[in-house]
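Structure below; questions to follow.
Labels for the chains are A, B, C and D, by order of writing; each one numbers its residues from 1.
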Amino acid sequence: MDLILVNLIDGLVTGLLLFMLSAGLTLIFSMMGVLNFAHASFYMLGAYFAFQISLALGFWMGLLIAPLIVGVLGAGVERYGLRRVHQYGHVPELIFTFGLALLIEELVQFIWGKNQMPYAAPDILQFTAFSIAGNSIPAYKIFMIFISVAIFIGLLWVLTRTRVGMIIQAALTYPKTVEALGHNVPLIFMGVFGVGTALAGVAGVIAGPVLGTFPGMAFVLGSIVFVTIVIGGLGSLWGALVASLLIGWITTFSKAYNLRMEDLLTTLGFTKPEAIADSPWRDLWSITSPQIADILPYILMVLILIFRPYGLFGKRDA
Amino acid sequence: MTAALALEGLTKSFGKTEIIRGVDLAIGKGERHAIIGPNGAGKSTLFNLITGRFSQTAGTIRLHGTDLAGKAPFQINRMGLSRSFQITNIFPKMTVFENVRCSLLWAMGYRYNFWSMVGRSRALTEGADAILEQINLTARRDLPAGVLSYAEQRALEIGITIAGGADVIMLDEPTAGMSHSETDYIVDLIRTVTVGKTLVMVEHDMGVVFGLADQISVLVYGEIIATGTTEAVRANPKVQEAYLGGVLEDH
Amino acid sequence: MSDQITSEPTKPAQRMRAGSMVLPLAPWLIAAVALVVLPFIFTNNSAITIMNQMAITIIFALAYNMLLGQGGMLSFGHAVYAGVGGFACMHIINAEDFFAGLPLPLLPIFGGLFGMGLATIVGSFSTRKAGTVFAMISLGVGELIAACSVIIVAFFGGEEGISGDRTYGLPFFGVEFLQQIEVYYLIAAWLMISAILMYLYSRTPMGRMANAVRDNPERAEFLGYSARWVRFYSFVASGFFAGIAGALFAINYEILTEENLNTTQSGIILLVTFLGGVGFFFGPILGAIVFTLVQTVLSLQTELWAFYLGIIFVATVMFFPGGLAGLLMMHVPAWRMGKIGHLAWPYLKTLGGGLIGSLGAAALIEMVFHLRHASIGDHEMTLFWTTFDSHTVLPWIIAGVTTLIGFGICRATAPALVEAWNEANAAPKVAP
Amino acid sequence: MRTSTTLGVAAALTLTVSAFAATADTIKIAFIDPLSGPFAGTGVNGLHQYEFAAEELVNKQGGVLDGDMFEIVAFDNKISPKESLIQLQVAIDQGIRYIAQGNSSGVASALTEAINKHNRRNPDDRVLFLNYSAVDPALTNDKCNFWHFRFDANADIKMDALTDVIAADDEIKKVYIIGQDYSFGKAVSSAAVRFIGEKRPDIEIVGNELHPIGKVKDFTPYSRKIVAAEADAIITGNWGADMLGLGKSVLENGYEGPIFTYYAAADGITAAFGATGEGALRLVAEGQINPPANDRAAAYYEAFKAKYPDGNISQARITNVIEMLARAINEAGSATDVVPVAYALAGMEHESMWGGSVMMREQDHQLIQDVHIHAHTGNDVTFDYDNSGFGIKVEETVTMAAMDSPTTCEMDRP
């Protein structure tokens, strides 16, 4: 029972982190209709910038400045890259962001090298917040939860309560009309792209010390972020939240408990072959849930796309 | 004799809004039928229902007596119904010739064939060239369709629509956005290429309607308020009041 | 979401008049002769190995372009079809009794069938939609199968993969495929066969309708074709040829591993195809050749090869969405009018400047990299066959000045090039 | 078609490459390992160790035979089996007869099979495979061949040593085994179960599981299980980011026992663990770095650090590779025919620079050597790793580990 609570907290941290990435991505998608493959690369840039800044000015300045730099970079990418490619159509746009992801990874290696950076949580957060049955919950995790929730509430407030938010929401659905009303839609697009990537930057800043700051960090997380927003429904902020938490908990729990395929198959009435070592199905019988925990989201996504192509909360058909 | 196209109690709702509210209509073989009505009357929706782009909420659609319920557009097309679109809908990057040739493929029985060379088939080439001749685009044969002028693209669209040899042709505002001379040209074109076929069209331009159609239905707020010959409809007081008056006011 | 692939508007202009000739023979004959002659010119085994690799990539890229270029379907997981075809062939090679009765040159057919089989299964649900849905399903399925490769050891052999010995097959007219050169001719033959078949496929009703569905799926539906089934058949056909590429991989390397399936491999084939140009049949061929060279030859020269490749790729997407083939075909109108010669000198000036500038910039990049990542105290570096101290100012000045001059020339001569270009392409409009 | 011209360029370039490398009177050793991509750090460090060893131990001593020098030629395999085979072909074409590789057992098994086939099919230019780091036991058992020599202790030998230490510690009652889901992780796991069962049947194995390799972002759920199982010790074969992630996560989440492992040092990992790993990490490896075994080793290490201040000698066995190869070539009297060189290597006994003697076992070409259990610590380390102040220090030594261990190797000798 205690362990369930601990895993709930761990899953929440994973899920909220994923949400910070998927929120920006889904916002960008609903604006421009393009899936930004390089989104996780901005997350990586956030971590690296924060690391570099933290060397000189400490962690907190990193948390403040790094996302800003990432956001400006993101806006620049939209203005000078994506906008140009946009005229060629959607597939080249996807391919452009794909190429950008490759390039950013190479660039990071070019600047910082291939090894993991010794980017660590600030000393002030290096203590155990509380323990549940011998399992310590580091204070940094509580801090992560706090930041992500604050960002979600802030985002929701901006989108639903402010004038800028109204314009953005309107521009999502009726870009032409909004433009006709005198708003600078390209500027809004650039702004949203900047904010979306800055969100990814924040995620990178706070995840870097926990998940490691290394050139592969974008690749490890990259495709999972797509999976999240596809499951949640492209363009839906709530969908992104639900899917992020869902994935966070599914992966955490399937790692935390050893569910074995053997038990499942036996329950379903199959009998284990006598000569299991020679059976072509031997690998199927020996599968355990931690083994496949990280591919569960992909299975979920494929199933969702087959049976409900617009995702859990999506309105628009992808 | 069964009607080429028969609608019975056709209804379509989007959410709570009923766009088509129980349409009954029978269009006989060889008839040239125009559907007119004010903006927002549901003409395009009706078209989309018939051609399988939308599915109806209630009622039946029969093509030559066969119920079309649950049929996809490509299945309906194979049963001999072809349509054009209000917004030009061609293959802009393929040549004019290829546009037409593609529309001949299914009708010529190629289906999902991946072993015959399209270039080798004299029938295909000649068939496509004959259609190009009919729509006067032979000179534009090898240009990408996207670079044609608007009127030429509309002509191509009609060419694509009739190429497959469908016997029921549905044209959605074939002259929308055209100048007078262009309109006259397209009307002539439609008249020649649809000889002997059932023609159903939606049109705003009354000149076109009266020039092409021999039967007219008037659709207002999702209901057909009158059907008949052009003269009869012209004389119908309900139409005068509900539609023609409205149109006059509109302009 | 629209699925349009941009291609050059010049494309149809050079297309053969339909009906006059189906297969322009000259390029194919030249290619066939080249494939026969090449090993006599480049006799060492490593050149042959690289050519084998190139040929396999060409087949795979052409198969991929059946989806991306011709069908407008963007797949992020196409490596699995080649991979599974290859793995199946590896198992056939290891099935001693069966393989002993099978001539090796027929093995790729099995690879193709297995690739096709998998494509049939996946395609049955993934091709219902194009665009993002298709791309995401392909990504998901690709990740799943790649992840399975370390879990389902019985078929994929874990991270070590499956290996075998191709020479135990039934001798083919006495050839046992012990030597690389014999394998080369086997692969070259399959390259010709596959390329011709794929080219012919694009001329069949299915091939034409794939283009139609790519450009306007809705219109295609109203012509009697189900967009979904057209996509499905393209997908299956693409899976078949990908499987052949996988089988040839199995024959050449005699080993298949997880890297044949993973998303990196899928990404590479996308990169190769797009770099070469998706709008033309021969685009992926160019892409495969250039990429293989970059990967095997440039990577011997610099460890930053992937960085340069990334820059080239992004620049291609941004400025030349038609890829290399698109760039080449841009010159066809001028060439037809016999004015291509007018472009030579302006090109030489501008591109020469650009080349000098790029080399200078590359030198700067390499020096920055050396300065930052070489061990402390290691000041010596070798670049363009010159060894110098990267911590002194002189090399930086030389590289910087070279870059500036190079790009300066490029910039100064660009207007003249543009003018020459317009001049060369200004056709007296003659109506046919 | 442009195929012809561009292909021409390709092959021409390849020829140029070969021409450049073809100078006389050097004995070239191809170093085929990742020099770009995520494992480049390890690969480049290995390359430096090879270059340094060749220079210091052979060339500065006057070379081999009649003054022939060793030259290390680097090939980037991007840690891909396919690329490795291409580079192998390029190396063979350049007339190279000695292939050194170590990172990834997958690559090693691809190479050993390819070399075996190549040598069978091309008796005129046979090559030897000097495997300095790939530890999958199969390479010297079922997959062994005459051309392959392994200079590292294999995973089983290391586990044997590791479990000796565990068995001697009465405090340890419960052990948790966790590893990456691939052949090496599975080999570690089964060896651990086997040896613990033999040596300390009373130890309870409270967990034995595999996780996807290189894919786990957050090890917290695993740490929870380990803590919940109240394990006294963890055994893992993880390396790279998976090692760092697992180690940091368990320590952060309340685990206090030792972590027995293979690869948790150098290449940034020592620096990243820093003080966190103090007292927890126990590594099994050959080659005693701290305290230095003798003056020669200390001087060698210092000279290396002087040349590569950022480098680490993390694969001490590389000196054995170079020294033993040089001796074998001298004994055989020729470097071009590898068969006598291979016969000279097989069964060779050698005094390792890092202390103790080593012996290349004849029946399976596995080097038998001392295996040490090191502790990750910041105290008293003469040579730290990653310039971090932390390093590894020998705590226990198993002399000539697994000298009589059985092997299933049956090799065909020419």
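The working rule: contacts are C-beta pairs under 8 Å (C-beta built on N, C-alpha and C of every residue); 3 or more make two chains touch, one makes a residue touch a chain.
No experiment lies behind these values; they were computed from the predicted model shown.
Trainee: What are the mutual neighbours of chain B and chain C in this structure?
Mentor: Per touch definition, common to chain B and chain C: zero chains.
Trainee: Among the chains here, which has the CA centroid at the largest distance from chain D's centroid?
Mentor: The chain lying farthest from chain D is B.
Trainee: Pick the pair with more C-beta contacts: A-C or C-D?
Mentor: Greater number of contacting C-beta pairs: C-D.
Trainee: Just give me the whole-number Å value for how far the CA centre of chain B lies from that of chain D.
Mentor: Spacing between the chain centres: roughly 74 Å.
Trainee: How many Å are there between the centre of chain A and the centre of chain C, using C-alpha atoms for each centre?
Mentor: Centre separation, chain A to chain C: 31 Å.
Trainee: Mind checking the centre-to-centre distance between chain A and chain B? Centres are C-alpha means, answer in whole Å.
Mentor: Going by mean C-alpha positions, chain A sits 48 Å from chain B.
Trainee: Cα centroid separation between chain C and chain D, in whole Å?
Mentor: Each chain's C-alpha centroid was found; their separation is 35 Å.
Trainee: Could you tell me which residues belong to chain B and also touch two or more other chains?
Mentor: Residue numbers touching two or more other chains: none in chain B.
Trainee: Any chance you could list the residues of chain D touching two or more other chains?
Mentor: 37, 40, 181, 212, 215
Trainee: Among the residues of chain C, which ones contact at least 2 other chains?
Mentor: 4, 147, 151, 304, 306 - these are the residues of chain C that touch more than one other chain.
Trainee: Would you mind giving me the full set of chain pairs in touch?
Mentor: A-C, A-D, B-C, C-D
Trainee: Provide the residue numbers of chain C that touch chain B in the complex, in ascending order.
Mentor: Listed in rising order, the residues of chain C that touch chain B are 4, 7, 9, 11-13, 15-22, 200-201, 203-209, 211-212, 215-216, 218-227, 229-230, 233, 237, 431-432.
Trainee: Spell out the residues on chain B that touch chain C in their complex, using ranges where they run on.
Mentor: Going by the criterion above, the answer is residues 51, 53, 72-74, 77-78, 82-83, 85, 89-95, 97-98, 101-103, 105-107, 110-122, 125, 139, 142-144, 146-147, 160, 164.
Trainee: Using the touch definition up top, name the residues of chain D that touch chain A in the complex.
Mentor: Spelled out, the residues of chain D in touch with chain A are 37-41, 181, 209-212, 214-218, 220-222, 224-225, 227-228, 241, 244-245, 252-254, 267-269, 271-272, 274.
Trainee: Tell me, which parts of chain A touch chain C in their complex?
Mentor: Within the complex, chain A contacts chain C at residues 33, 35, 81, 84-85, 88-92, 94-96, 98-100, 102-103, 105-107, 109-111, 113, 223, 226-227, 230, 234, 280-284, 287, 291-292, 294-295, 298-299, 301-302, 305-306, 309, 318.
Trainee: So in the complex, the part of chain D that touches chain C is made up of which residues?
Mentor: 1-4, 6-15, 17-18, 35-37, 40, 48, 75-76, 78, 80-83, 85-86, 89-90, 92-94, 105-106, 109-110, 113-114, 117, 121, 136, 181-183, 212-213, 215, 306-311
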